[in-house]
Amino acid sequence: MTVLLTGFEPFDGAAVNPSWEAVALVPGVRAVQLPCVFGQALEHLRAAVLEHDPTVVVCVGQAGGRPDVTVERVAVNLDDARIPDNAGRQPIDEPVVRGGPAAYFATLPVKACVAAARAAGVPASVSQSAGTFVCNHVFYGLMHLIATERPKVRGGFVHVPYAPGQVLGQAGPSMPVAVVAEALTAIVTAAVSVGDDLRLVGGSLH
Amino acid sequence: MTVLLTGFEPFDGAAVNPSWEAVALVPGVRAVQLPCVFGQALEHLRAAVLEHDPTVVVCVGQAGGRPDVTVERVAVNLDDARIPDNAGRQPIDEPVVRGGPAAYFATLPVKACVAAARAAGVPASVSQSAGTFVCNHVFYGLMHLIATERPKVRGGFVHVPYAPGQVLGQAGPSMPVAVVAEALTAIVTAAVSVGDDLRLVGGSLH
Amino acid sequence: MTVLLTGFEPFDGAAVNPSWEAVALVPGVRAVQLPCVFGQALEHLRAAVLEHDPTVVVCVGQAGGRPDVTVERVAVNLDDARIPDNAGRQPIDEPVVRGGPAAYFATLPVKACVAAARAAGVPASVSQSAGTFVCNHVFYGLMHLIATERPKVRGGFVHVPYAPGQVLGQAGPSMPVAVVAEALTAIVTAAVSVGDDLRLVGGSLH
Amino acid sequence: MTVLLTGFEPFDGAAVNPSWEAVALVPGVRAVQLPCVFGQALEHLRAAVLEHDPTVVVCVGQAGGRPDVTVERVAVNLDDARIPDNAGRQPIDEPVVRGGPAAYFATLPVKACVAAARAAGVPASVSQSAGTFVCNHVFYGLMHLIATERPKVRGGFVHVPYAPGQVLGQAGPSMPVAVVAEALTAIVTAAVSVGDDLRLVGGSLH
C-alpha cells in the first residue's frame, strides 16, 4: 500500500513550514512538497496522485497558534484568503471547484487517527474547520479528486502547530517537528489499518 | 417582510441562555425559543417557519468562550455531541439528515451582516464552524428546509458570547445581552436589505 | 470622604482609552486624566493628591486583551517598557523609585472590591501583576507616596478591558465603558465602606 | 561552582510534574525534589541549600497552560491558594514570611536566561508573576534565605509548561520534558557565566 503525504512550502514570510519538515521525517511514505499557491497546489497534488497511485493521501499544513495536532473533518468549497498566497493571489469568497458540493468529509477514520496520535504520546484532537486559505483549498481539491476519480482512496488533512523556532519570543504554543512526525506516523498507520472509524467523543459545542 | 429569530433555552446546567435573552429584545421580529434537544429543536423550527412564513430566518445560539458575535458560514451534516443535550441524548458522528449533502452555506449575506454589526459598534466576525452540537444541528436543518422547501428564504446562524452573569468570576469573555441585541438588530436589517453580499476580507488561515 | 479616580490618555496610537472614558462616568468622585508618560504621570498624580486630599485613590488603566475588570494586588519597583510611552521614552529594567522597596501591596480591600464588582453584575478578578509599563509605574508611585507621606489613604489600581470600538473586527474580548463604570462605582463604594478585607479565594496557581 | 535545581512532586491529582522530570535530566547539577506543601517545601529547600552550599539556585515549577518556559522576575510575600496543597492546606492572603518585605526580585540575570533558552531553540519569556501558590511560596522563601543568609548566591524561579502526556486530548499547550531540560541547561549556564544582565526588551504592558 502506498501512502502519499504532502507538506507545504513556507508562506507569509516564514523561513520554514513545519508541515513539510515533519512530513519529510515520516518513514515509508511518498513525501511531496506543495507550493502555497491557490490552483498550483492542486496541480502538484494531482500530479503526485497520478504518479504514485496511493491508497492513502494525507495532506498536512501549518496551523500557527493551535497547540496540538488536529485532524480535519470537513473540507469546504470556499477560497477566502485573509492574506495573499505565495503568488500574490487573494481570492475572496470564490469556490474551490465551480459547481462542486458545498463540502466533503474526510474519508480518513478521523477519530481513530486522533486516538492513534494520542496513543503515541502526542496531543491531538478533531478540528471542525480547516479554514478558508490554501490548506482548505488543497483539502477540498483532494476530496473532490477522490470523489470524482479515485473513490477507493482514503484522504484527509492534518494541521500541525508552529515549530518552536518560529515562536521563540512570542509566548505562543509550538511542537517540535520530530514530535509532529511521530503523530503523523501514527495517523498514517491508523489510516492504513483501521476499518470502520472508532465511535469516540470528539465534537465541538460551537 | 417577516423575520423569524430563534434563540435556545438554557443547557448544560446554565440558568440562562443569552441567545434567547437577546433575541427577545430585537424589535419587529417573530421570536421563538427552541429546546436544546436534537430532533425536537428542528421540529419546533419547522413549525415556526410554517406558522410565520418568514422571508428571513436567523437562528441564534450561545458560543461560550467566544469574545464577539459570529456569523456562521457553513452548516455541516453532522451531529457529534461532546455533552448530552437537554433530553440526555448524545449522538456521535451521525448525520443531521440521512442522505443530505455534507454541508450547506448560509444564504444570509454573511460579510454584510458582520459589517452591519460592527457599524453598530459591536465586535463581530465570520465563523467557519458552528460546531457539531445542537446549534449546528439547527443550522443544518434550517438550510436543508430552505433548500428543499423554501428556496426564497434567506437563512443563517449567529453565535453569541456568554452573558456577563455567566462568567462573573471566571476571567472569560462576555457581552451584555443588550449589546448582543443591537448586533442582532443590525444583522437582521442587513439580511432584509442587502442584495449581493459585500466582498470583504473575512476568511481564516486555518 | 473624597475619592480620587484617575484614568489614562490614549496610547500606542489608539483613539481612546477606556480607563478614562469609564472614570469620567463614575459619580461622586474627583476624576483626573494622567498622561501615558513615565515620570510625568506621577507628577500629575501627586498634584492631584495634593489638590484633592483624598481618602481613597484608585488609578485605572487599560489592559487590552483581558476579558474582565481586574483589581491589582501588587505594584513592583520596575519600569520595563515593551513599547515607547507617549513621550517616546522606553526605560528598560529601571526602578520607579531608586532605593524604594521591591514592591508594595495595594491597600484597597482587593477581595472585597472584586466581590463588589461581581455583585454589580460585572465579571472581575484579582490580578497578581500590573505589568511593567506606565500602569505599574503609576501604581507603584501611588503606593510609595501613600507609604511615605499619606499613610491613611487607601490606594490601588484597577485594569479594564478594551472598549468594544477598539476591537470591532479583531475577535478579542471587550467591555462597554458604561459596564466598566458600574464596576468602578462598586469598587469605590467597597473601598470607602469595607473595613478588613474579605477572606475569599482569589489567588493564582502561577 | 555548585548549582542546585529543584523540581516539584505532582499535585492536584496529576501523575507527574514536568518540573521534576525536566530537572532530573539536567547534567552537572544537584537535583532535589520538593513536596508541593506550604512550609514543608521551604524546609526541604533550606536543607538542600545547607547540604550542597550552591552558588546558583534555580527552583522550577509547573505552569499548566503557559506555552513557553518563563523566567520569573519577582517573588511576592503572599500565600493565596486557589486549591489545597498536597497536605490539604489552603492559606488565603497570608505572608510567606511574617514581617518580610512585600517582594524580592530574582537575582538571576533574567533577560540573559531568557535569551539563553531561546538561543538553545526553546520558546521562553520573562514572567512578571509566579502566582500565589506553592511555586511563589518557594521562590519568595528562597530569595528571603538568600537575602538574609546567603547574599552571594544567585537565585530565581522558572515555570515550565505541561508535558504532552498531561494534555493529550485537551487542546492545550505542552512541551516535551527533554526540550524543557535543554532550556533549563541553557538557563543554568547563563546563571553561572553571565555577569551583568542583558538590557533586552522583555516587559509586559499589563
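So that you can tell them apart, the chains are marked A, B, C and D in the order they are listed, and the count of residues begins at 1 in each.
Everything that follows uses one rule, which is that a residue touches a chain if its C-beta (ideal position, glycine included) is under 8 Å from a C-beta of that chain, and two chains touch if they have at least 3 such contacts.
Everything numeric here is computed off the predicted structure, so don't read it as measured data.
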Third chains touching both subunit D and subunit C: none
Chain copies touching (subunit A, subunit D) - same or different residues, decided at half shared: same
Centroid spacing, where centroids are CA-atom means, of subunit A and subunit B in whole angstrom: 28
Intercentroid distance (Cα basis), subunit C paired with subunit A, Å: 46
Geometric centre distance via CA averages, subunit D-subunit A, whole Å: 38
Set of subunit B residues in contact with two or more other chains: 66
Touch-based graph of the chains, sorted into line, ring, star, complete or other: ring
Residue numbers on subunit D that touch subunit C, as the complex places them: 61-64, 66, 73-74, 76, 78-83, 92-93, 101-105, 111, 128-133, 135, 159, 197, 199-206
Footprint of subunit C on subunit B - complex, ascending: 66-68, 114, 118, 121-125, 164-165, 167-176, 179
